[in-house]
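What follows is a set of structures for review.
Shared between the two complexes below is subunit A, which pairs with subunit B and subunit C, respectively.
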Partner chain A sequence: MTVTIDKPAEVRAAIPLLAAHDLRVVFDSARGPVHAVRGVDLDLAAGEMLGIVGESGSGKSTTALALARMLPPAGRITGGSVLLDGDTDLVAASEAALTGVRGRRIGMVFQDPMTSLNPLLTVRRQLDEALRAHGFGDRGARRARSIELLELVGIPGARLRGYPHQFSGGMRQRVMIALALANRPDVLIADEPTTALDPTVQAQILELLDTLRRELGTAVLLITHNMGVVAERCDRVAVMYGGRVVEQGPVAEVLSAPRHPYTAGLLRAVPRLDTPAGTRLAGIPGTPPDLALPVLGCAFANRCTAAVDRCRTEQPDLAPVTDTARTACWVPSTEASAHPLEPIVRRAPDPTSPVLEVSGVSKTFRSRGRPAVSALTDVDLVLYPGETLGVVGESGSGKSTLARAIVGIHKPDRGVIRVAGKGRLAREVQMVFQDPYASLNPRMTVGDIVADPLHAQHIGTPLERRARVLELLERVGLDPAVASRFPRDFSGGQRQRIGIARALAPAPSVLICDEAVSALDVSVQAQVVNLLAELQADLGLALLFIAHDLAVVRSISHRIVVLREGRVVETGPADDLVAHPQDPYTKALLAAVPSPVPAAMRAAEAA
Partner chain B sequence: MTAAVVTKAPVVAAPAKRARNPYVQGLLTPRGITGLIVVGLVVLLGLAAPLLTSYAPTFQTSNALLQPSGEHPLGTDEIGRDLWSRVLFGIRTDLIVVVSAVPLGALAGCLLALVSVASRWADVLVQRLFDVVLAFPGLILGLTVTAVLGAGTSTVIVVIAVVEAPAFGRMLRGAILSHREREYALAARVGGAGPARLLVRHILPNAADPLVVQIAVSLSIAVIVEGAMSFIGIGVRPPEPSLGSIVSGSVMHLQDHPIYAIGPLVAISAFVLGLNLLAEALNKGVRR
Partner chain C sequence: MTGYLLRRLPSALLVLVLASFAIFAILRLIPGDPATTLAGSDPSPDTIAAIRADLGLDRPFLAQYFSWIGDLLSGDPGRSYLIGGQITDLIGDRFGNTLALAIGALVLMLVLGPILGVLCATARGRVPRALLGAVNSVSLTVPVFVTGVLLVLLFAVTWRLLPPGGHQSIVADPVIGLQYLVLPALCLALPGSAVIARYIKDGVLQALGEDYVRTARSLGVSRRRILWRHALPNALPPVLTVLGMQVGALLGGAVVVEALFAWPGLGQLAEQGVARRDYPVVQALLLLLVGVYVLVQLLTDIAYALLDPRVRLG
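Moving on, here comes the complex of A and B:
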């Protein structure tokens, strides 16, 4: 089976349904104008699913909002056109004309359904209002249509009376989609619709979008940072970087033979289940351009290994490289850039005596007015010196409760947690947190943050602490001079490095990483995962690495524990567990991880 | 080892040049600047009162209820006192009252908040106490306290402090409870920080932000409470001038001598309006 040939898209693609040309958006900010979108060309045909990928800040969301003229007040379109049906220019259209287009022709779905749904109104009211806004029938007809819409997205019509908070995350996203589809738009713009959802739920929502596209012929613009999602669901893909589209073409072509160095880099950074365990992830060194400053030449030049002189002075435009694909690069590569798989530096764990033993731990949360939640039930695990133990599970499976019980934030109801060593718990076990923005005290300098555990535990003299901070910053790959700066000056990846330095300060024997890389872009995620692996090998740390992404967990772990609803359902060596999962839940988790290799290519390789 | 080189993070982007203090940022907006100018003007008038008039506020000339003139810019009151001087010194009295009452109330509220987050029992008691205070209408509370302490400036100060304390207490308690669950606070605990260090070093510096806004709000409420108490005669005691007592005196002469009321009313309105502008501006700054 091929992925692209039999799509209705190819048939009716003569005039694109929606086409942006040289679209430009500027935001006013305290630092002056931010050129978030700097000349984007895109087109979308009826019945087609186009993926937009790129690091955060590359302008994906801004482009999506600009297409429907829904930018926040600080943003404005400063140039270009957005043609609907090849004739109506939405950039020039009146506000009245746009009201007829939004909802009726273009529907939008966002990452967080809670911010787009009104918490005070029932789902029925919200659907009813969306329908009435475009003059849809009488009350009875709207009622019938509402039920039909809910059933279309897989929610029983009986739930019409529910309020948004009574739905789970996945269900809310379905309600959002139902709302967006209320007036049968021709285009559905979905900005990271599944990012906040668990892999199995994510798969269901994507399946739903796919069905809509096939059965109703709705064109879908799917913004995602997940290459696997693009590979499995989209017909074509546009890769964005620094406010521009740098590569565009059929998914099978772009993902299997990327021509643009940035696309190739992104693909290398994605953790995969089909490479040998312990394969080093390849990050893209450097940071994206600051769009508040003028960009001269190719925005990727300072991170590009293929850059030539011309790249620094002249901006490349999207130009055809094959019949179907276009790339904005002065020296596009001509063949699939195979890259050697490098093993991660791992040391063998020392299985004589565990540093951490969790036995029979249970924890139930009780709060007034709500049923008690059993977050952990009879959990056992051991961790040996120098070992990385991966913990996977969907949200609510008890991963964070486990981590917090080990570091003493939660007291288990039953069971024992034993940590080797005689010192205080805080001396032996440290933790890296999930949210790079919330986990650093904004009022403290980086130096004070890293030194905080030393102060709190009265370790060392002021002079020794200072020396230790500089050493740690250097160790996690930051310039020691940053010690006097505040967290706000740093990007997400850099903040996680600061968090790691803080955790290492008291020289713990166990390091717990609770979703420490989940909030990061893949290229940055790869760098941080590599750093953790190196630290582990160099310092002989025992690492408890918690994440919901099995592919990332497998790339770093010796062993993996699978948690489900607070219980350990399976545990085993990383490779065995991925190759021969025993528990049905593990199998489901594995099946839900989208592979960045397009199906067509996998089929070709297998043949 | 090459690995370390590959994962080296880039040197950080240059820090932005703009002023980063959220209060300063909030104040440097049109709204903030207007508020600063209005409040500044009123405060200046109060502080410079002795330089701006040659009459003592309690000095009685022999001419009652004069219309405005070069000699008496706002005319005189029913016993011949210069109203310009009385308004200026009235602002002064109000300043003294609110500037001592609001910090007192804030302090009491914050101390109660700290007690309240320390133990569940204390929390229940403190919350009930705040409920009781808030359940009383302000003037009833004023009358009650006056019945106990007698009328006078210090009573006004106590009443305002009592009225304002719950707002500060609730706000700080809420902020501490919410910050306590944030990841940076958890990180500090994992790092070995005890309750005192956690509170003082980590939580309070972050949780205190909304208090600054509340101070501006409370100052404007305090001006109104002073006015109301003096107006009904349980506030600042005559002959000492306060904005509320001047308004009170003017009521009998609204028909024949309206200028009497206008001076103090303009001063009160400007002060309250300016403080509210400041509060809004600060709030915007903090919330960004």
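Moving on, here comes the complex of A and C:
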């Protein structure tokens, strides 16, 4: 490593490197002002890694952007300060001063590496530009530094001349990190840098950030919604809810003894790899506050089981609860809240005759000018009535191709897919898709959406269909009155419920969920997973549950199949497979899952 | 790249073949006959028939078509019936003049369009934005002959800066030649510039909201550089497509502009040819137009590939 350290660790003085105080951000929107950040206090010391967690919409990204005054045109800072080195207030700084700070003092890494690099410029040009922006040497020096940077993030210097599209997602994120580090900033703000990546790649990127922090002394603000990532990588954590920080402290302390009811709920909702199959996930009922409306009192009050009268009228501020941790709650809990594992009521699958049989299925995609891709090779699997079969594997491993082959969208090149039951395939197998936003037609009412498969297959009279729709909506936990409304009125979790109701409409025997909960926040994810488990028990459905989150898959599945590059590498009962993986690939997948339990606590548990 | 172009070749040839047939057929479907015009006033049916036989117009349709194509392939587009002379000679000089006009207009379009577009995209304040918008819609909607007359009134009559019309060879005398070229080229370029400006504006505004612009900003890259190095290049690919179409419109507009500015180009020749049903002349001109069009499309594709590495490198 040839990179020198600008700021040695002993500069870790009492003054924080970056400190936000009472930061407030408002967005102009069609619905009026949205108070996305409502008084955030944060501080970051040199060389430390601070995690920010919270549900989507809690204001994490907005806070991150506001720290460097990078808000989009619709947003503006309406109050507070952001002190750099304890003296420069970035909120009041001139645009010219900010241009000097961005990249040089504060670097940023964003969530989506696919769109964060300019597709028309080579990596070399982009690195060169970043260096030039802060007057780094001459052409030769910049080139040498660019190669050094690429190698620092684990990319051979020879790839300098490549274009972004020639790199994989993980590699692009490395390039993004190289860019952000080009001018040796003291602070790196990383907004969900690994959310769009596969778990194994995710682990590599986090490892890289960790190494850089240790070796360069860069302070890292890591935004994530993954508690496991926080537990494994961060020194301190700030939990955000409704545009405010509700709890802040050392990771070990906050994660093992959360004082704020929201933190506690969030932790309970996180599926843990070590929870046995068939365990009910604990969601947080209700939905986050609408920040376009005024928030009175504690934003969490309508979802909080501990709420008292005062909570609804007075907003709690962050106040010390221990020497190191602060919480914004009127009645912070005083002891660590253990939570008992609650099993899901499930039926045992009926192993007499399979409802779905996939044998020897292969599928190759050919397109002109590209090598053929074997998406599936000799895949065998069986699914029994009342059984949940989890399918895991990295992106590109063939999970979705398998799902689409089963519902008949792709015709396999070889092999057979048999579905038992009287009806046609189109009726017996239904699918719930990943993206609850894209998979519902925005111009149809919820009622029409749910009735769609009934129409398509000429099932029932209009009156019968109507009755069925109302019954289904109730079944998935929605008010039947929503039938006349449009998808845009619903949150991600609610839309996924609508998708499930639609899939259930023709009374299928097999339900395929392709990453159906992956885009949801943990608290909502837990609700949807529990709903699926209940539906299965009640209706005797067979469930093919595809996801990349092994912990969720274990919690809901009876058996798990591991796919790699289109082949089944391992299959077995869920608990066995996770506890005693046989295939090295399965082991690698499991090892890449960060555990939400801080290392110190795990050691204590084991002792 | 070469392979990519070779693959495009068959379809380009097919377009030319189909176009040649369509041009040939349509001309003969339009009422009017060159023989009648040639025969003078009050001709006898025999005279007309004789002239028709002379010109070969009495032969079967397909035979006429194939002999035209045969001649074309051997490099001879034939003689004009009515204007007189070899078509190669007729087109010769005028082609150069029209080319000069078209290239002049294209260059102006490529300068004015992006500047106007970027200004529209970045203008702050209501008044500048409204003004730019007005300039844009006026150039877009006012017909070429109106802007032509206005330009002449302003630059040639009121200010006497430029000649009101006529032509001097640029090759012979670049300074004088350019003075004659400016007004007609500007007149021809305005509508296309406005179209390009609109696409650039939309493209730049969209690009400014993209993640890679946010990345550049987070690295401390200046606003100006972000605009010219990131936003503008990313706004260009869709502009290329319209640019290809604008070149077509440009050739159409040339007919009007040449008449307006007494510019001795192909437009004038086309006008005369159509008026007198001079089949060989009109056929040759239309086919030339299609040829230029096909070439422009190919060039657009090349430019596309040069601009976007994802197209170039797959």
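By definition in this document, the second predicted complex is superposed on the first by the 595 of 607 C-alpha atoms of A that agree within 3 Å, B and C clash if a C-alpha of one lies under 4 Å from a C-alpha of the other, contacts with A are read in each partner's own complex, and residues count from 1 in each chain.
In the analysis below, contacts are C-beta pairs under 8 Å (C-beta built on N, C-alpha and C of every residue); 3 or more make two chains touch, one makes a residue touch a chain.
Please read these numbers as outputs of a predicted model, since none were measured by experiment.
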item	value
First (subunit B), second (subunit C), both or neither touched by A:I498	neither
Which of subunit B and subunit C A:M176 touches, first, second, both or neither	second
Partner chain in contact with A:V382 - subunit B first, subunit C second, else both or neither	neither
Partner contacting more residues of subunit A (subunit B vs subunit C)	B
Touching partner for A:T115 - first (subunit B), second (subunit C), both, neither	second
Which of subunit B and subunit C A:A130 touches, first, second, both or neither	second
Which superposed partner A:G107 touches (first subunit B, second subunit C, both, neither)	second
Which superposed partner A:P72 touches (first subunit B, second subunit C, both, neither)	second
On subunit A, the residue positions that both subunit B and subunit C contact, one per complex	none
Contacting residues of subunit A [partner subunit B, same complex]	30-31, 280, 283, 285-287, 290, 345, 404, 407-409, 424, 426-427, 429-431, 433-435, 438-444, 452-453, 455-457, 476-479, 482, 485-486, 488-491, 493-494, 497, 499, 502, 505-506, 527, 530-531, 534
Of all residues in subunit A, those that touch subunit C in their complex	68, 70, 72, 95, 99-104, 106-108, 110, 112, 115-122, 129-130, 133-134, 163, 165-166, 176, 179-180, 182-183, 369-370
Touching residues (chain side subunit C, partner subunit A) in the complex	209-212, 214-223, 225, 229-230, 233-234, 307-310, 313-314
Contact set on subunit B toward subunit A in their complex	1, 3-4, 6-13, 15-16, 18, 20, 25, 182-184, 186-194, 197, 201-202, 205-206
